[in-house]
Structure formats: C-alpha cells, structure tokens
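Scroll down for the structure; my scribbles are underneath it.
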Amino acid sequence: MPGNSFGQLFKVTTFGESHGPSLGAVVDGCPPGLELSEEDLQEALDRRRPGQSRYTTARREADEVRILSGVFEGKTTGTPIGLLIENTDQRSQDYSKIKDTFRPGHADYTYEHKYGIRDYRGGGRSSARETAMRVAAGAIAEKLLAQKGIKIQAALTQMGNIKAEQIDWQEVRNNELFCGDVNAIEPMQTLIKQLLKEGDSVGARIRVQATGVPPGWGEPVFDRLDADLAKALMSINAVKAVSVGDGFDVVTQKGSEHRDEMTKNGFLSNHSGGVLGGISSGQPVMADIALKPTSSISISGQTIDKWGNDQPVVTKGRHDPCVGIRAVPIVEAMTSLVLVDHWLRQRAQNAQVKTETPDISR
Amino acid sequence: MPGNSFGQLFKVTTFGESHGPSLGAVVDGCPPGLELSEEDLQEALDRRRPGQSRYTTARREADEVRILSGVFEGKTTGTPIGLLIENTDQRSQDYSKIKDTFRPGHADYTYEHKYGIRDYRGGGRSSARETAMRVAAGAIAEKLLAQKGIKIQAALTQMGNIKAEQIDWQEVRNNELFCGDVNAIEPMQTLIKQLLKEGDSVGARIRVQATGVPPGWGEPVFDRLDADLAKALMSINAVKAVSVGDGFDVVTQKGSEHRDEMTKNGFLSNHSGGVLGGISSGQPVMADIALKPTSSISISGQTIDKWGNDQPVVTKGRHDPCVGIRAVPIVEAMTSLVLVDHWLRQRAQNAQVKTETPDISR
Amino acid sequence: MPGNSFGQLFKVTTFGESHGPSLGAVVDGCPPGLELSEEDLQEALDRRRPGQSRYTTARREADEVRILSGVFEGKTTGTPIGLLIENTDQRSQDYSKIKDTFRPGHADYTYEHKYGIRDYRGGGRSSARETAMRVAAGAIAEKLLAQKGIKIQAALTQMGNIKAEQIDWQEVRNNELFCGDVNAIEPMQTLIKQLLKEGDSVGARIRVQATGVPPGWGEPVFDRLDADLAKALMSINAVKAVSVGDGFDVVTQKGSEHRDEMTKNGFLSNHSGGVLGGISSGQPVMADIALKPTSSISISGQTIDKWGNDQPVVTKGRHDPCVGIRAVPIVEAMTSLVLVDHWLRQRAQNAQVKTETPDISR
Amino acid sequence: MPGNSFGQLFKVTTFGESHGPSLGAVVDGCPPGLELSEEDLQEALDRRRPGQSRYTTARREADEVRILSGVFEGKTTGTPIGLLIENTDQRSQDYSKIKDTFRPGHADYTYEHKYGIRDYRGGGRSSARETAMRVAAGAIAEKLLAQKGIKIQAALTQMGNIKAEQIDWQEVRNNELFCGDVNAIEPMQTLIKQLLKEGDSVGARIRVQATGVPPGWGEPVFDRLDADLAKALMSINAVKAVSVGDGFDVVTQKGSEHRDEMTKNGFLSNHSGGVLGGISSGQPVMADIALKPTSSISISGQTIDKWGNDQPVVTKGRHDPCVGIRAVPIVEAMTSLVLVDHWLRQRAQNAQVKTETPDISR
C-alpha cells in the first residue's frame, strides 16, 4: 500500500513536490449537496501560508487553489473533488550544494535509502509544502462538521520555554502566532527575533480541541478515534509526540483521580480528552503535540554526501525559526479529516442505533 | 471500514469478547516458509498473562493458543493463519451491578452510545483481554523480524512517581515488572502493595526500542513509520500519549541541538528516535507511551445508569493496580506488527532500489 | 494486500484448509441489533453441504458452525463475529500420490510457484471446502437484506447440454439440483449417472437474481455494483465467466433494442440486469455464471511432478461430477455479501440524499 | 469506501467530469527509477482518442496529458504521479433537454437516485471520457510490465453479427477498428456506415491477452487474478460480460476435455486462460468481454423526467455507433493495472520463494 492517502470513507490522496509544477489532491467520499467554493478553501490556505507574517518564511506562495471536479453549480456532487495549486514560485535556485549532500535532521538521507532517487529541490515530496493540500482538503471536512455543530480549533501553547498560561480561543486567530495567551505573544516575538539573528530554530507545542462531537464515534479495537488522531497528527512534518487528554501526566495520576466521574448533569472532569475505549464520549476531544525545531538553520553542521564522505552543511534560504506556528492550521485540518471520516464510518454501520441513555454532555 | 484489522500487507484481524466463548485472530499476509509452532506464540502469551505475579490480576487465564490454519508440517504456507484461545475461565459471575450502570473511565457509556447494545460481562470487546490476540500475532511478526536481525524490546520506565533511571535490557525480562532498573523494583513493589491496600491504581510509562531496522522503511506522507507506530501504540487500552525520540522535550530544544548530525562513522545522536521524514534512518527506533491508571478500582465513585440516573459505583473483582506492567508485551507486539508491515511494503515497491550511499548506522 | 478478505464495510475474512483442524471466518462490520443464531447459518450451510444427495460428493462434513463472538443474548453487538467449523472428517488418507504430483486443472502447480510450499491434502486452501465460510457469512448478509425486502436466489440453469427452459423460483429449493425447470431434472439426473459411470465431469451454468434492491447502490467509477459482483462471482472456485443482464447477447443487439426505456409505470425491459452506470436501477439485479467441469476425475491424464518429470495422474476419492450444483448456495452468499456492502457504503456517504424522482420500479 | 481508486499497491485514483475543467489521476505506488515521459502516456491516449477515425465520435479532444509530480529528471521517484488533462473542448452546448430528462440506458436516473444531484453535461462523471485517465495510468503499468517481458494486447473480435475469424496480433494496430482479421474490416465498416444512417448502434466483443506473465501471480481466495481482472473489465463503461479462457463454453465441456494436461515441455492446451485457482499458470492470460450498444442514438425513445413524468427522448450530438472500438485501449490499460498490482503483491509476500519446479511455459 502506497502511503499517500488518508481516511477510509472520506479519503484524501495528495501528490506534488515542493518545486515541481504543482501540488494536488483528490478528496473522494465527500457527501453530495455541500455548498463549496474555492473561497472556502482559500481562506484556510491563507492562514497556513508563509509570508503571512515576518515570523514565517518569506517565500511567496500564491497558493491559489482550483477545484477541478466534484462540484457543480456550487454544490458537491458526491464524485471525487480534484484540487490543484500551481507552484508559481519556482525560481531557479542553486541546488548544487544539497543535490549530493544530506541535510541532517531532514529526510534526504532516508529518501535516498528508500527510493535510490530523489527530487532534492526544496526537499521534494518531504517538504512541508505538501501540507497545503491537507489544509485545502481539511477545509472541506471542517465545513461538513460545522453543519453538525462541531468546531475544531488549534493554538500554539508553547514555543521553546515560553508557555501560554491559558488559551483564549477568541484570541487565537487575532495574532500571527495563533497563540491564545496575549501575555505570551511579546516574549515569543522576542525569541523569534533572537533566533533569526542566531540562525537557529526552536520547537513548539500545539493544543487542538474539537467541541460538539457526539458520543459514539471511533471504531475499536484498532481504528479508535484517538489512535487515528495520533496517526493523523504524527504524520505532520516535524511532529514528535501526540497526547490525548492528560497525556503523559497520567503516569503519576491515581485511578481515583483520573477516572472522569459522571452525573446526570454531565461529566465531572475531562482527563480522558473526550475519548473512552477509543470512542468519543461527547466531551471536547483534546490533544497536544510537540514539534521539533527545524533543522533548516544557518549554523554549520556535520553531515555526509551521497557517497558517504564527511561534508559540512549550512542550510541557506528562507526558513521559519519556529515551524510550529505554521503547523496550527494543518493540525486543525488533520483533526477535521479524522473526525469526518469517523462520522461517515459511524453512519455506515450504526445509522439505526437507538439508546435510552441521554447524551450527558449536552 | 470496520476497525478490527491492523496492517496492510501483514494484516491482523481480531475477534472475541472478554467473557465470550473464545478469542481469535487471523494473520493474513505472513510470507511462506517461516518455521512456526504454537510454542512460539505461547511463550509471548505467557509473558502477558495475568496471574503471573502477585502484582497483576489473579484471574487465571490459561491462554492456550491453537494454530488453526496456515501452517503445514511446521512451516507457514502463505495462507491465512487462524489463531484461537478458548475462554476457559468464564465463571458465572454476578454482573447485575454493571449490566445497567456505566463504570466511569471505561468504555461502557461510549459503547452504549455507539452500538445501542453491549456485552457488559467483563467489558466485552473493550476488555484488555482482546490484546492477547495481538500478542500472539505479534509473536509471528517478531519471529520474522528476528531473522532479519531486528530486535524489539519494551520496558516499564515509570510507575507513578517512581522512575527507572536507566534501562538494562538484560534485566528487563528477569523481573515481573519488566523494569530495566534494579533499584526501582523494590519501590515499585512497595507502591503496588500500598495501592492494593487503598483499592486504587496508578499510571505508567513504557519505552520501546527496535534495533536493526534498516534505513528506508516507512511510507510518506501519511503512512509514515512513526505515524503508524503512533496509531498502533495509541490503540492499546489505557494509552494516552505516544512520543518518538525526544518526544515532548523537543519543544524546548534548538535546531542546532536537535538535528542528528552525521559522519561517515555514524550519527552523532538519536534525538529523532530513528525516524526522519517518516522513514527509518537505521538508528534504533525509540518510542515512549503513557498509560492511564485503570478505572477498575474499589473506591466508590459517581456515575449514571442506562437511563441517565445518578448511581454510585464500585468495581469489584480482580484488577491490576498498574495495568502498565501487563502492557509491556503488548507494546512489543504492536511495534513488531508495524515493522513487519513496513518491511513488506518496502519490499513491494522498492525491492530493486540501489544506492551508492552506505548505511552509516552499521 | 493479502487476498483473504472480501468487502469494505461488511468485511469477511476467511481462513482454513480442507484437511486442517478447522475453517473459520471473521465478519467485521455487521450492524448491531440483528437477531442471529447458529441455526440461521446452519440452514444455509446444510444447503451447500455435500453428502446431501447422491449427486454430490459422499464426503460427510458435519459443517457445524459455531458463533464465537459478536453476538450477545441473541443479537449482534456491532463487534466482529467469529465463525468456526471444526473439520471432523479428516481421515488419514494416502496423499503420497498427489504430494509431489500436480493434478492438471487444479491449483497444485500454481500454488507451488506462488508459495514454494503447499498443504497438498485435499487441495488445502484451494479446496472448495473454503466456501463453507462464505456461505455462513453470506447468511448473515442475507438476513440483513431480507429485513429490507431484498431477496437473493440462484438456480442451476444448464448442465452440459441440458438447459432449464425456465426458472420457477418456487421449485428451485424443492430439488437437489437447485433447478427451476421440473422438466430438466430427470435428464440432468441421467447425465450425472452417466458421468459417474464414465468417471468424468461436466460444466454448469447458474443464474442469480436479487429483487428489492433500491436504486442508488454501487460506487462509480471502479467499485460499481456490477464490477464488484463480477469479482465476487469470479472468485468462486471453477467459475470462468460472469455476465450481467443480457451478457454476451448484447454483442449482436442494437441500441434501439437494448436500452431499457422508462415510463412512469416502470421500465419496459431489463436488458441491463438492474445496473446502469454501475449503480442499481431498482429493477432485479440479474447475473449468470459458467462453472467449468471439475478436473477431479478418474480418467487418467498427463501431468508433471514437483521436479518437472512427466507423470500420469488419476484423481481418486469422492468428487462431484458437476460442481455447479453445490455452487448455487455459494453464488447466493457472494451476491448477498456484495449487496450488503454496497448498502452500507451508500448509507455512509448518501444517507441524507433527497430526490423528487420517484422509484419507478416500485 | 468511495469507489474512485483501483489497485492495492499500484493504486490509481481518478477524478473529473466530462465537461468540467479537467480530468486527472493519481498513480500511487509506482516503483522508482522507471524512465517516464509525457510522450509515453500520450501515445496510449492517442490510440483511445475519438476523432481518430470516421467511425468514432467527431469530438475533438486534445487529450494532452501533463505529468505534475512523481517524475524527476525523466525518472519516477517512487512518490505519487499526478496526471492532468485539461478539457479544452467544452463548447457551451444546449443541455436543457437532458438536464431534467433521464436518457434510457444511461446512468442519469441512477445518479439522481444515488446522489440527488448530478452534473448532467455530457454524462458528467459517468461519461466514458473518464477512461482517458485509465489509459494514461495504464500506460505506466504497461511500461513496467514490458520491462519484465510481459505484453498486453486487445483486439475487436466481433461487432454485431460480424466476427473476426482469427486474430493476427500484428494487424490489430494497423487498422482503425483494432481488428485482427483483415477480412472482417470491410464488413464492419459497412455496418458502421449503415448504423450512422439509421441513427442506431451495435454491441461488440473484445479479446485481451497477456503473454509473459510468470506463474504465481494472484491472491487467493478473494483477490484472485481472474477475479480482479473480472472487476477491472466489468468496471469499463458498457461492459456486460467478462469471461476467462473458454468462458461460457465450459458449461458443455467435460472434465477430461477441459483440464489442461501438463508435460515437461509445457501445457497441452489453455482452456483455463492462464489462471488456475486464481493464480497465473505462466500460460497466456486470456479474457473476453461484451460491450453493449450505446444508448446514445438518434432514434426516439420513451423515458421520464426528473419528476416522474413520461417524456420522449432523442440523444443528439456526436456519438459512436460502436463504443466497442474505442474500448480496446481501455481494456489493455485495465488489464495492465491488474497485472502490475499483482506483481507488486507477489513481490511483497513471496519475494523469497524458491521451488524446484520448472516453469513449463517457458
């Protein structure tokens, strides 16, 4: 099984290299009748786009998405939705340095071993540029979920040692850092400026939350909602950790403390992060991820070339000192894709389920 | 897509409820010619089995596995391998208490909302008993990988506040806690005794490591090796977090610190945990997980019944104060399943790949 | 992808060899709440069972099926349904003749080339005995469809040169040949007796029909209802041809003759066999298949042994002179599996579809 | 599962409507290192293109295919190959007649019931225009297979009552009808002229043959080589029947006649069509299909409109009197896709299989 598709019933397949002619995606399985325009997707793409702020790379990607199929007279038809973004900014750069030399911390060395050949320009397929298509596809999922009252939001909660002490979800999209704590913004900006000066980078932490998810989504025992979410988030470039609910903090918790007790008026806590036994509980689904500091820095490092010889390397060009910022819309997109897929899966098998038990989270 | 299968080319499908007649699995895609006996599987199952030590539940599960197909004259034939364990220990218990009352922190409430019906006896399908089949299937994967020089090992690295300061892999299977630090064993045993007295439970942390994985395994962009590993480990009962390499520590790292520099004699560090761009680098694959404290405790808690009325609940019966201990062999099994699947996937598409680049991790 | 699973949302995975310890299946994706007992499955199995009549092989297979999971208090729970039949009739036969010699027309030679190893006893996995599990799984599908008013029936329509001139569906299950034309039964019985005397076999033709299928099932462009049906039926042992509606007769038809005209009172014909553009039209779904004469005959033939040497071969033992007879319940089962899968698929994506267009087939 | 993907390891996903902005495909799983250019694909597309001869529709489709990804410096890289054809010939036609009226024999009525909405222009997604992408993707598969000495060829063997008495494979691509019998060409041309005059159409029969397929490809028990081939061919627009080897003729054959006897110098016949037990035998793989006469004819017929009222209908515009002709390259493409997928599947699981048995078909 080649690995460029995500989802079972709402299936997204992406293609395209960083410096190839274009990026594309096919969204297969979108229910018919959804009002959809290129503007819907563009809005999400613009949020992810670098060159937005002075804290993300200066590369000017127009990222203008076209819908090539599956939409007729403004509505989805149930047939596959083809999406395309032309790569307009392919300046002929000098790639002779990285053509035969593997940048440490990148996928250059591993692609060489896997495929024996690679499009080295800008990282080719391994570039974060590929995630533009995830954002476009995710915007369709997000729109479907919004109709069911489900809202997905992500926020930057830590950059290096600077933590957001709280998340004001109203605030998140008001600042270029997608940070929910106004007090953390200035220190983060200062850190970025310093990193730009040093030619270094730093890691980040992101929180994602989905509210309005009804109880019953998720397919035990392997395709659990949290397991699929873990895969979705770990598949984002630079992500090294995914946790749900209290995450690693559960290690020191006791059972009497962790279990989310229930009353007819609702759950008394949400340590579980909205998932029990791999199935949504109706509480907000909550997850956190860690993103590594990008290895594209201008401080010289040791590496090898294609033939195994030692070589020094410096990554030149436009790069983010904290890739975590740009990842926020991607995290929202991937979370949306997981949820919409599980919605359709639940509908397939359990459309006629009836229970006397109330949804205590409403 | 129903969710009871794992893997694409080495596909495991499990079935069975905790207190039903039996547990079973089908392993489809095992290459022919592997020497395989029931003893190979039993050894792995015995490691997972409760009643092993006084620290895990006293339930006596014989867990005797039978191979029903796919093996002829001691060798796999390439046809599906059917596995079965009869549930011999189905004492007629009194389930009237949990029949209509949802235990907090369990899947009772979510199964009710998903399916409208559930086998409440011992948690039914949501019981950790299901993982016995994962261990049996994983033992086949492990044997295939061993022939390629790949070794998968997991260890308990933390229980509550007690940390293993190191992992002596030789030591891990010598003690009932699968702990790699002899100094941590006694404090852990003391904690367990105390928890048993209190009727409470505690969380745990497990490290898993795979050595000998060649560079090139993993399918970008979605089916990355680390993404599939995240899903596999998050699908284990009680797991709330998965990290690869330095995990959440990367948040505060700088790029100059994190990137694993390379020389012709090897990598200078392994912050990445053996995966770059979703593809194995040849370094040890390293991951950590967090397991929540079980909610099956004898301290009374608040919950609701099937009709939404408030009810107190106490979980009686045999339960582990720390389910993390028993999870160690399951973690090894799931890691093996991910690796063997990616080995076959790599072989399918890239069997003829040639490169001049040496494997610097050898 | 190993090939022992069928279906996407109602997924059946089978395992087991003809002379191994048992046959089994996992049915994953059955909606919860269906009343289901072992008797439901046994009835279908008994129809397929050899030793039923004097026209099918005398082998006494008890074929007693057990439900191992997924059913609780008489109803399906939405979790995977494990099915098992123990092979009680494994007399220790003398297989030395076929151990190293490939029977012509069988899978012996191709299994050897594929796997390099094979369970030669009774054909191992390639034996039609495997289809018992398809029948058991199909019975679950059939029960689900029956609740929606869908009825699947197959009949033997030709044996050698003897054709059934009509199909009286009431008659089909009244005779051991599943033939819908009472006038054809005696000639067919005479032919069978003659073949038994000669030690030879003959081919057959089967018609299958599904009534009550609503318009809208089938997923263009690849997973069309007729394409999936073609795969399902061609996957049955000995089947060499599948046609839908008028089948090969369309070659000589004109467009003005073939197109099924429509009026508000219904279609004026059903040349299409109930499928247009890969989607059900509401008319009866109709298909025909051809089954080859079994190669298990007692007339000596030429073949080679494992090392490529010429060898004569005679197949001894109990065999059907016309395997087409026993295939009738298998054809019904596979058709049911295709339909139930497409029902769930339609429900997943198009559960909320509304149209002003009446279903003219009602 | 949405249905717009074909193949497991060499996976093709298509999108696009007849009169939408473009048609596209993603080929995921192509091994790296294959030399590939747009010319390779264009050659195959040109063969399928209407407007080629005066016997196929006059519509001028440029069908110029672009490769958008997955190829670098003239070679495939192992990443997904994006393909695109812009629809340049979208004249603004008058679709008011078919907007609300269902053409009999087309998918109009069934799409309405399935999706509740449809792109009615030129049949939208149900148009045979979609198959252009199959041909483009198939050309990649064909090139991979050619490197292994495998050759796939199809020919028109019957049109209406006119049969090709033989197939001279050298001749097939020399004439616009893809007919292998020079004596049948003139009568077929005469028939087409007559149909054009009458405004009617006729059915056709096509044979496809693959030589050089080694023994061992195909995955029992469901994903048999012939079962997957049946699905692939039945998924082509207008196909109503698929047979392998002797097809429906086996009904009247005896076992002593049908079984393909073997000697050390090869098989003595090929009644099976190169597949035994669902696995290739090394003999030529042979299949036949029937294509219905197109319902796009200018003879008035009865139908209903969107609200269920009776309406007369005449299909105007450019249409083939025998769609079977254009289907020949599509049949080759789909056969190639099946074979390349099974090659990769065989390589995944059975790469290390060894046998002492010679391949008697060489």
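Letters are used for the chains, namely A, B, C and D, taken in the order the chains are written, and counting of residues starts over at 1 for each.
In this text, contacts are C-beta pairs under 8 Å (C-beta built on N, C-alpha and C of every residue); 3 or more make two chains touch, one makes a residue touch a chain.
Heads up on the chains, UniProt names are A, B, C, D = Chorismate synthase.
This is a predicted model, so every value here is computed, not measured.
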item: Contact-richer chain pair (by C-beta pairs counted) among B-D and A-B; value: A-B
item: Farthest-lying chain, centroid of Cα atoms versus that of chain A (Chorismate synthase); value: C
item: Separation of chain A (Chorismate synthase) from chain B (Chorismate synthase), taking each centre as the mean of its C-alpha atoms, in whole Å; value: 26
item: Geometric centre distance via CA averages, chain D (Chorismate synthase)-chain B (Chorismate synthase), whole Å; value: 45
item: Touching two or more other chains - residue numbers and ranges from chain A (Chorismate synthase); value: 1-5, 8-9, 14, 29, 32-33, 78-79, 114-116, 125, 220, 345, 349-350, 353
item: In the complex, chain A (Chorismate synthase) residues that touch chain B (Chorismate synthase); value: 1-6, 8-9, 14, 102, 104-107, 109-116, 125-126, 130, 158-161, 195, 200-205, 214-224, 226-235, 237, 240-264, 268, 271-273, 276-282, 290-297, 299, 301-304, 306-310, 345-346, 349-350, 353-360
item: Interfacial residue positions of chain A (Chorismate synthase) with respect to chain C (Chorismate synthase) in the complex; value: 1, 9, 29-33, 78-79, 220, 344-345, 347-353
item: List of chain A (Chorismate synthase) residues in touch with chain D (Chorismate synthase) within their complex; value: 1-5, 8-9, 11, 13-17, 20-24, 26, 28-29, 32-33, 66, 68-70, 72, 75, 77-82, 84, 114-119, 124-125
